[in-house]
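In the two assemblies presented below, subunit A is common to both, partnered first by subunit B and then by subunit C.
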Partner chain A sequence: MGNGLGTGGNNYITYSGMIWLLAAQLVVMLPFALHLPVWLIPLVLFAAGWRLWVLSGGASQPGTLLKLGLMLFGIGGLFLSGLKFPSLEAMSALLLLGFAFKSLEVIQRRDALVVVFIGYFLVALHFLYTQSILAGLYGVVSLVVLTGALIGTQQTVAEFTAVQNVRFNLRLAAVMLLQCVPLMLLLFVFAPRLQPLWSLPMLTDQAKTGISDRMTPGDIASLSQSAELAFRVTFKGERPAQNQLYWRGLVLNHFDGHEWRQFEQTPDLWQMKELVRQEYAFRPDAVQVAGTPIEYEAVYEKTGQPWLFTLSPTLKVAGDVLQAADFRVMAAQELQAPLLLKATSYPQALRDVQLASSLRELALQLPTDGDLRSRELAQRLRQETGSEQAYIDKVLARFREQQFFYTLRPPTLGDSNTIDEFLFESQRGFCAHYAGSFVFLMRAAGIPARVVAGYQGGEWNAQGQYLAVHQYDAHAWAEVWQQGKGWVQIDPTAVIAPQRVEQGLEAAVQAEGSFLQGQLLSTRHLPWLNGLRHKLDAVQYGWQRWVLGYDQTTQMDLLHAILGELTLLRVATLVGGVLVVILLGWLLMLGLARRHAREALEHQLYRRFCAILAKRGVVRQPGQAPGAFAQQAAAALPAQSDNIRAFTQVYETLCYLPDASGYAKHTRQLKALLGKLS
Partner chain B sequence: MVEALQARLDAWVKQRLPQARETTLDQRRIFIVPSKTGLGLLLMVLLLFLLGINFQNSLVYAVCFWLLSLLLLNIFYTWRNLSGLTISAIGVEPCFAGEKAVVEIGLACPDTQRKFALHLGWPGEDAVQVNLATVSSTRVKLSHSTTQRGRFQPPRIHVATRYPAGLALAWSYVTLDMQGIVYPKPVEKNWQAQGKAAVVSSEDGLEIAGGSSDFGGIRDYRPGDAPKHIHWGKYARTGKLHTKVFADYASHDLWLDWDELPLPGIEVRLSHLCSKVLEFHQAQRCYGLKLPGKTIAPGKGEGHKAQCLRALALYGVTDG
Partner chain C sequence: MTTAAPQLIQATLAQLNKVILGKEQPVRLALTCLLANGHLLLEDLPGMGKTTLAHALAQVCGLEYKRVQFTSDLLPADLIGASVFESQSSSFRFHPGPVFSQLFLADELNRATPKAQSALLEAMEEGQVSVDGTTHRLPSPFFVIATQNPQSQSGTFPLPESQLDRFLLRVSLGYPGPQVERELLKGRNGRQALANLPQVLNGQRLKALQSLVPQVKLSDNLLDYIQRLIAHTRQSDVCHLGLSPRGAQALVKSAQSWALLQGRGHVLPEDVQAVFVAVAGHRLVGREETQGEQLARHILDKVDVIGSGHG
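Then we have the complex of A and B:
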């Protein structure tokens, strides 16, 4: 059916169409400069410049050899720039390269379409790197320009100037995309959200951030220098006190004398999932529920790691997450995008009142040698004290009473005997030092204990009524297993620097001035700027919670809220109804639905009159005068001749002698006559 | 089988799209399907959907759904670009068989609308792309090849558009009630070589009044007669003015006579006569045409030529 359309010379792209394409290419490629090798940009500009030069007649079409050379140069450059193959990033770089070079040879409409389509794909691809509001807005602009280019490939109005053409196409593209928004939103909200179909290649530039799965004193200190957001939390009920906010992430069981790790062998994500599904699985009966629950929703920033941070123990949790025997909650995938979690925690519940022997073994592990002074100290203190509880208090009191300092600038420790060095020599450190040495002393005295890594506290945003937890809130503390009480959380840092848990890190190191060292802190000290920062952050949080965090769970909740019980019929009715409204809206907006409504009533009636007569075999010729037609019809249908003549007379009166006062009366007459006729 | 289907389809299209002098495209007449480009975009939307699923990325979903919506909305735009277009017959210029007949049609749309990238033509024949961007009506000329003399009814015109985004193809067929004349192909046959002696002229001439060569008689003087034609001798005898009358004879005229052509076959004769008409017209001769059942008196000029060619074109063609 399109056979007529392929002929002629209009398969070639016009000059303005080509300018369009180049503009669209540049717009699409610009943001990738932030994520991909920078030299791609001049290469792209070179290709575009050449193209323009060719178009203006200054140069000939580049030869095959040259194109091949450029392509090899580009691909070689990609290899040399250290991109991993295969990775999503390498794919985007290749796509970008092809996208740029395509402009060297775009002549035909089909090539132009390929360019525009790749452009659309790249716009989406960029959202894998960043999903900020700004990136979203930029994406919208890119879509408008690409759609304008798409329209430009179809038509150029010779009567318009180039500027008029551009403005016209751009406006049309913007209007069309705007009109698409309702349907897009409908699809966004109601289209089924599926679980990932296969595992994803990582974006290599997305370095893993946040808490790592191993702790050497020093790690957390570097996190303390980062003002990046870790996650935000909204509480359903009242906000718990600041010193209750222990966001529990990882449990570090194994100590090798230098470094704390989860297990002796560090499992990868797949192994970890296997472990958590089998021998290390969470048993709900390990928790004795007590106290009031805390309900909350958290949106975690993408970290490239699967760890999630919750108040412990978490009992009800929604989403694609796993729970382990150590009460941790983790995502089934590494976080490539912000993740929304709804959870309910019972901080006062008892955990593991009966401790499984495998867990006990893990919680008593110590390296075979080293740190002899600390081991001696533990045994001595344990013998001096009558009970485990008294021993714990004694160790904490020692931290408090001896010359221990909380600092983000501790002296570096050696490779071995680190606990000894810290406890007896430097006596300066932060949470990691205190938690590590505390657990060591517990284990050395035969008390099961483990290090917990996560975040503590957070910044309350009154504008948005949520808690923002940043990387500098990273923290490590200890859990000790006690008969009858199960796992008890103990934070040795709180003993040395109570401000750390009550007011946050900034207050704890105020004297030292090491908080966010080397960063521009000005906004934090100017109240109005701080307010603005909170407002902006609140907007971002809304964006993350409602747009980026919109997943299967949120979708189900929303559907429940709108429809009550979910049945296929209800969902279909709702979606179908909205769809019909949108389509009708389109018809109205495009002026496709009002043709008949606009026609004056008498003309509508006359058309009905003609239709009735046509059924009886008297067909009005196009352009035939009503009078002449009336004569013909009256002759053909003598029985109705009076009605036909009367109708025509009234109709002609209305047409040729319009009289506003008699309009209603006349149209009534017409209707009555029509009734008699039919 | 296929032909039968095609015939049924044609019949259906014919019934659905009756011919008229003027046709306004409305929803009954417009067919619309996604174009190849549209299917390509659909494929990409699927790709984006997979990307969205696998990376659980809301904004990728948003782009995917936005493009899908665009694909749908575009159908309405493309439809609107055809809807309301009025195509009217203006005329078909006559031509000779084997040449291109130029069909002129008018395009118009309501003042409130604008139309872009309208594509009109016949598959395998001429096609044009028209905009109604700054005016609400225009005329276009399309040429269509002819093979046979006679009446030429332009086949249904394919009116199509992919505007604005090229993602959908809307089209309609318009059969305009217009006819053109296709003259026989002018082919001269050198038949005198075959030894026949027929001439194209006729002996028994008809008088053509107002001639000046041969003396034809005397009549009473009428005011306005040329003084040199006054019979002065008779005036001297009778005292009355008389005018001498001269006459040209039609034997000087050329007759193109069907019956005297010793050529086989109707079309061959018509082609030959056609070439002769052109030749005499070119030479500014006075010529007449005799066809079985039709005689055109000698004459000259464009009108005469057209009359003769028309008679040749329609020889043996029944009206209808």
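Then we have the complex of A and C:
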């Protein structure tokens, strides 16, 4: 490369090459500004600007000491920016810092190669932060610009104007990348999907979203203000009715008078996993299967939490998940990326007909004191009613008949006696209030009960034939254990606001107008945009389902579908075959590209003219000049002689009159005459 | 182009065609050669009217005309002239030879020895002759028509390729058509017609016409075609010797001149094709024993007239 054509052994990057490099660096670094210190962006401008200044002769190249000082300064800045060392963010910030500073010492072409190659790596690195389809598209754009810069830094002679240069380089880059697409697809589909051997403490301070493992009245109301997606579901068979869609997330057993929690002590993930593997483990024999199964696939958004949401009880489930004694399904890791789950549920099955004593104990727990009026009410009602079922009905009837209101703007409750305050004073609240107080009343009457948190309902996307469940679908309901029936699901909210479970939150609070009221800009307030929103969402779902969700299991399924029984030989033959096809395609393209130096438009038109006449029996010999051919053709086809002569005349003017102006006009004439001829 | 130019050319052609019957194409080529300021080689069997053509051309164009019959004992001095001692002035004085004329007819060039041939060819190339260290300019315009018998005839010295290249065009008259032949047999006297031939041009006018030739326009598309032709002659499987750059220049110049003769201000592929055989026929050497002319025709058929770039 050193003594390339006409460069005279010049290995240095030109001014325009440097600008290309700067543009590529900016494009690559821009999305990181959302996740990492923003001042890295001005830094790259500063470094590249300095280098450009040096190139134009305004300054001399900075010395080693100065560069070292800058580097230390930058690392100090990273420390001060509040990044934790060591973490993935700190490492990527460090890489970006080096990337930004590198442009200061990009002098030779091989330096530019370093920058561009790190740029490719950074494009991939960004996918650790977000894997949305938009990020994917942006990544493609970054690749094109990076490749353009790779070309730009190899150019020595400025033959083009700036605009031509940009267009040429970008087009060449796009063509090169397009040629890589088949290979990329091959690698995507067939490369083994290995689990990582090690992992860095990743994205430690990432916000946890969605349902939390504790419930104070107020939690779910804040979720109801979020239009963020929680998960999407496709059903194999018939879609269940909207009011059947209770997506069980976690079970809250413990009440301390103010807050509902899972257990008395809140376990961390590791403890929770231990619990679920041992005393709190799921026993398949606790379920008596009945009714028709519902088969579905769900893709959960990343939340930073391990909770998954399924129709209960789930019997068959694929993937790296745990099942607990309370029939929940949870992930083995916190969700840092979308997760695909295939599950089969039997909503009509009986659960825990024989209740284990430990579970009974959990389901009867009450705080030692407080909420005396509610306890007294429970005792009184239980005595008035003969049976447990009658008592349950009585409590629900009380909700229905007294002045209870469903609202997302309930009055704030105090720190203690919250149940009393709600049941006898405010009487305004949403699912968390009703589920909590209902379970309290049950337990106070000696009936095992518990709160279930999760989502209810979802938005059906007819475009994509899937159900999208959003954060505002968050819900809490109750479960009561009855002799002979096991756990029975009861949703007291459905009694007060039946629209909530039949049509969703928006319908339930329509009069109040509190649905997503914090998000004035949300497109949901514009009904005419909903169709478009559904379409976009369907595309995103497809991306998640088929691209991000393409894991080892899906890969195996696909290979099975193609090959039948999997043997190394078969897989190797398939991959080799596809590879050979790609290579042949490339060779073919190379050959075609070389042979086809495209002729100018006027000659193409003339050849079409010849083809038309050849069909009528007048064939032009290659050595025949246009004029001579026109005479021959006009003689043979007297009816067309005028058109033939006119066409030939325009063509001759265009080709042989050197100062003929109006190229566009002439070619238009040629086209028009061709139209007449054919 | 002056308005008179097309009429002048047409009148000239008309007069020439009166003398050389039924040979419009060779006559036109001869005039093309004259306008392009090149020299003409007429190759034919004896008695085909070569001399008549040269004579007629000189007469119509109003050129001072000299003719030398080349023989094997011709010496260079017989052509160029020599310094002769004059006793009155006691000095040598240069006596110009017949080559000092505006139209010089070298009859049967290939019967002279190479030495005499090359003396003429040098004069043709340089436009001047040097004798005893003094350079003498030849008159202008200076136009040589050489006739040549086919080389298979006995007693000839074939011209080498390098010297053939000096002639812009090579033209053959060929046998006359039956109609014309019949008239000749009836006793039509060509020399008679020659004597009555009016003068149309003169040196001045001829020079003016010659100056118009380089102004005839060449488009990029046409040059593409010419270059395709040249490239084809240089393909080793077609020709042993392709067209030299001088040959290529000759092709362009002749095509321009031919276009002018057609009264056009730009060159068409037809013009190139019309002169190609005359330009390339004596310059190309085939792989096998193909004649140059056949080869040139073959190339014309093979090379596509239209195509490739521009726009």
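Assume the second predicted complex is superposed on the first by the 513 of 678 C-alpha atoms of A that agree within 3 Å, B and C clash if a C-alpha of one lies under 4 Å from a C-alpha of the other, contacts with A are read in each partner's own complex, and residues count from 1 in each chain.
Keep this in mind: a contact is a pair of C-beta atoms (placed from the backbone, for glycine too) under 8 Å apart; a residue touches a chain by one contact, two chains touch by 3 or more.
Computed from a prediction, not measured in an experiment: that's the story for all the values here.
Engineer: Check the residue A:290 against both partner chains and state whether it touches subunit B (first), subunit C (second), both, or neither.
Structural biologist: In the superposition, A:290 contacts neither subunit B nor subunit C.
Engineer: Comparing subunit B against subunit C, which has contacts with more of the residues in subunit A?
Structural biologist: Subunit A has more residues touched by B than by the other partner.
Engineer: For A:656, select first, second, both or neither according to whether it touches subunit B, subunit C, the two together, or no partner.
Structural biologist: So A:656 only meets subunit C here.
Engineer: Let me test your reading of the model: by the given contact rule, A:127 touches which partner, first (subunit B), second (subunit C), both or neither?
Structural biologist: First partner only, subunit B.
Engineer: Applying the touch criterion given at the start, work out whether A:556 contacts subunit B, subunit C, both or neither, answering first, second, both or neither.
Structural biologist: neither
Engineer: So, A:628: does it touch subunit B (first), subunit C (second), both, or neither?
Structural biologist: second
Engineer: For A:547, select first, second, both or neither according to whether it touches subunit B, subunit C, the two together, or no partner.
Structural biologist: After superposing on A, A:547 lies in contact with subunit B but is clear of subunit C.
Engineer: Just to be sure I read the superposition right, which of the two partners does A:536 touch: subunit B = first, subunit C = second, or both, or neither?
Structural biologist: A:536: touches no partner chain.
Engineer: Which residues of subunit A are in contact with subunit B in one complex and with subunit C in the other?
Structural biologist: 622
Engineer: Which of the residues in subunit A come into contact with subunit C in the complex?
Structural biologist: It is residues 597, 599-603, 606-607, 621-628, 652, 655-659, 663, 667 of subunit A that touch subunit C.
Engineer: Which of the residues in subunit C end up touching subunit A in this complex?
Structural biologist: Of all residues in subunit C, those touching subunit A are 217-222, 266-270, 273, 300-311.
Engineer: Residues of subunit A touching subunit B in their complex?
Structural biologist: Going by the criterion above, the answer is residues 1-5, 7-8, 10, 113, 117, 120-121, 123-125, 127-128, 131, 135-136, 139, 143, 147, 150-151, 153-155, 157-160, 172, 176-177, 179-181, 183-184, 187-188, 191, 193-198, 200, 333, 336-337, 339, 547-551, 586-587, 590-592, 622.
Engineer: Quick check: in the complex, which residue numbers of subunit B touch subunit A?
Structural biologist: 20-22, 31, 33, 35-37, 40-41, 44, 47-48, 50-70, 72-74, 76-77, 79-80, 83, 112-113, 116-117, 119, 121-124, 127-129, 131, 133-134, 158, 160, 162-166, 169, 171
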